[in-house]
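What follows is a set of structures for review.
Look at the two complexes coming up: subunit A is in both, with subunit B in one and subunit C in the other.
Showing the complex of A and B:
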């Protein structure tokens, strides 16, 4: 039968997947474990974009996709969507965080103090090539400070609000299942504040950076000053059906507050995400502070950046161009050829007499 | 009687993949969409185990409608056997246990990317179209908030202007696929990137068409016996692709939408885009008793 040759899509799919996986070899529990331990920041990035906090699953997703970040995020999100929403945790407040790192570019010192925490910001970016020639790179041990920094710190914005530099945001009283959830409701514009912050938290790091950087370079109206950048752990407190509150564990999170001078007041931009991802929260907070009053269709308008930094959606759409488009292409060809033929016929037609 | 006897066995995944709340939302939004033909209904659109832009919108509708008795057909660019169609068909069958078919006449539910089958669909069939971009106003207004307001005002002036400009510049409307069409006299929709050839198949059709865009989180519908009128000027009639006289080199079928296959010698051959119709034509030619249903087009012309 003539069409037989074109049948075989299912077999082709199967074999192409085998080919891909063959390159990666077997996925073992040891490999997943190793990935989790050796790539904590990569794990954090994927967890943030997937809005699912589970280091083991994130490591498994990375192992399964060979480190294709968009695919790993999609794997986690697709798994997340099959899970029921059992409970809503109590709100996490800034002064309740267990802070690992906290810096401010606005003030030399801040209430609660600056904590450098773990960072490679001031490291010389030199490859440890000795490892390739057989040496093991063992990091120097940390010497603990004489006086430990406090685990909890207040927010810098709270101090600014007290000093009438900033109008403090009104606390949102919404609780439980009434809290808007962007994974269960469509994102509509003007967006709910909760949807904006959730979308930024899930946004693709590279995309947020590109648009945030554009705003920082002058394609935005607001210049950010980092009020506070924090890497912390948050206690997740959940209410038991019997009425008691218990801790379901801690999750790592990053948050950034940026401020911009507007007249006699400061305006605040904010972003937070699960996992430690400093670049993303600074860029996202920059977009947040720039969004107010941004022109429609500009890169700092909320609709523009929230749609276009959705990594799973944008990467999916981009790779969909690999799918056949011969029907639509054929339709365009038809219109093109006909228009061309019409033009030729028109050019050949004799000029009408004056 | 024990509680265990009243409950179902625990399963790692909900029937039809989507959980009950997602299905409920989609069913409600689909009913709304049917009630207001052509109007885009926002929905949450869950992540499914497939990349966005690969038919996740259609897949969510199919997952919502499917049951173990639903016979499913999946089409990609007219073919049942292309890789993405095969992948979606396998997924639907895997999560629902539904039987699958390639025969348009035997299908209850047809999920399709960019084609409406050449054989006429019946009242009892549902066509689910995967839509990459549900917003017909996007080329003239990329901002979704403004576009929604324009729909509310039935403000389609810019669309008409765009079509007019194409006629002035090129001597004809240059829109290829996804030709903007007025649904039941109220909303202009983009009928997914189906070729112009397929748009008249929606007009006063007996079947229900649900169009769903997963990435853009919008769905809309063309209910049975709804008017679907492509936007045209009185003096410039709607034109489908000029395929009515082309013959399929594989099957000899004529009068259908064709795929052009470039040849080494610079010429082109054609094969019928609806692959199963091609297969049926070959079977019939070879004397195998195969029923070909009534088709929308007769001799390459849409009957008036």
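Showing the complex of A and C:
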């Protein structure tokens, strides 16, 4: 890759940034607050891809970039590097999740039952155009049940293992800074499972969906069924200096188990991400269950999908093509002209017989 | 059930849990007068930072990192005791307020008030969870297949 140093663009660059921001107007605390309240699923998506959970910062990043998601994610990842890591929380386990939505497409009667939670899955897709005519659209209120739903449920996989449908996972004893971390170590292949799942957790939603969808359409080896999809809140379990473990608060997360029949047993794929983003975790779990034994260069091979769903790197590479490539392009032109000239010279050369 | 009014009714873990999730404005308003009741307060830390959050995969049992959570932390000394606060978000004052209540409890300062405050906040948090779960329960599927 060869670039050429240029100058003369300082004023243009300054004005171009002003032009971008001028169209958005002033960024006020009220605008950030409104964005945070009105766009929780967008905020969740940005937080998950940025690997940084804070709704206020995510709303600010969206306000500052006018909703350009790649820029917003990059802003948050850059800001994250200014902060010290104070602790690694205790690993979240499924039976500790405060559950808002839990469904299974594989089993009708999962222990604990199925609760739809907040979803538009069954909604009529009708725009409320009356709002554009000056009316206010007020959603119908929920009619709460008399009793609460159980807050905590084990995973469907744990129930299947008890019923000999699959081999129970052996719980990992690795904790704290011993857990492999792609933000501090290179991603090497074959990847550690912790690296694969962490990379999918912070992957770009659209990229994961595209490759997961390719696998679902038949370009993979396994056609998954959603074993369990869960939207929940997890406690951030940290330690007091005197040793007491406590929760510093809750964060939203999504997780999906997908299942595939393999011989006489079921095979599971898993994915989770911060925030509520169920398309991403279903697609990511599909890639997980398809990755073993995938052909080199196929959409379900881990090196292929992990490299190509890293949103900051892929968007950065894509937009770098806008940078001056005058030297490389001139070199290509020179080679083209040279080839043309040689061809012309060859065509004009007299035949030996003449 | 009436909330407990004695600090002995709250294990340290529960007390910290409740303070970390307490309403920000109420926590600050409650903690501020404690400053006058505590001996010289030393601030060891008051900063924002990140807590990495791992989760266990249900397919193979692997622990992996989901991402980092922004928190505010305060670590103080007063009346010969250490107080600690860590809460989600970038509110240094709220973390300091949590540490003040923690150190007051450890030092035996304003025990009755602290117990009342913690009981009241715990009740509010439990009520909010209860209401949310009643709404979730309303979405339970009574499934019949054909």
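The criterion applied here is as follows: the second predicted complex is superposed on the first by the 330 of 354 C-alpha atoms of A that agree within 3 Å, B and C clash if a C-alpha of one lies under 4 Å from a C-alpha of the other, contacts with A are read in each partner's own complex, and residues count from 1 in each chain.
As a convention for this text, a contact is a pair of C-beta atoms (placed from the backbone, for glycine too) under 8 Å apart; a residue touches a chain by one contact, two chains touch by 3 or more.
Please read all numbers here as calculations on a predicted model, not as lab measurements.
More subunit A residues lie in contact with C than with the other chain of the pair subunit B and subunit C.
Using the contact criterion defined above for the overlaid structures, shared-chain residue A:80 touches subunit B and also reaches subunit C.
In the overlay built on the shared chain, the residue A:251 is in contact with subunit C alone; subunit B does not reach it. With both structures placed on the common chain, the touch criterion links A:148 to subunit C but leaves subunit B unconnected. In the superposition on chain A, A:179 makes contact with subunit C only, not with subunit B.
Within the superposed three-chain model, A:208 lies out of touch with both subunit B and subunit C [touch as defined at top]. Counting contacts by the rule stated earlier, residues 80, 84, 183 of subunit A appear in both its interface with subunit B and its interface with subunit C. Within the complex, the subunit A residues that touch subunit C are 47-48, 50-54, 56-57, 80, 83-94, 98-101, 103, 108-109, 113-119, 142-151, 155, 157-158, 169-172, 174-175, 179-183, 193-195, 197-198, 201-202, 234, 236, 238, 240-242, 244-251, 253, 255, 257, 268-270, 272-274, 288-289.
On the side of subunit C, the complex with subunit A involves touching residues 12-13, 16-17, 20-21, 47-71, 73, 75, 82, 84, 86-90, 102, 129-141, 143, 145. Here subunit B touches subunit A in the complex through residues 12-14, 17, 19, 21-22, 25, 42-54, 56, 76-79, 81-87, 90, 113-115, 132, 142-146, 170-178, 193-197, 215, 217, 239, 241-243, 250-251, 257-260, 273, 275, 278-279, 282-283, 286, going by the rule given at the top.
Within the complex formed with subunit B, the subunit A residues making contact are 1-3, 6-10, 12-13, 74-75, 77-78, 80-82, 84, 183-190, 296-297, 303-304, 307, 312-313, 315-320, 323-336, 338-339, 342-343, 346.
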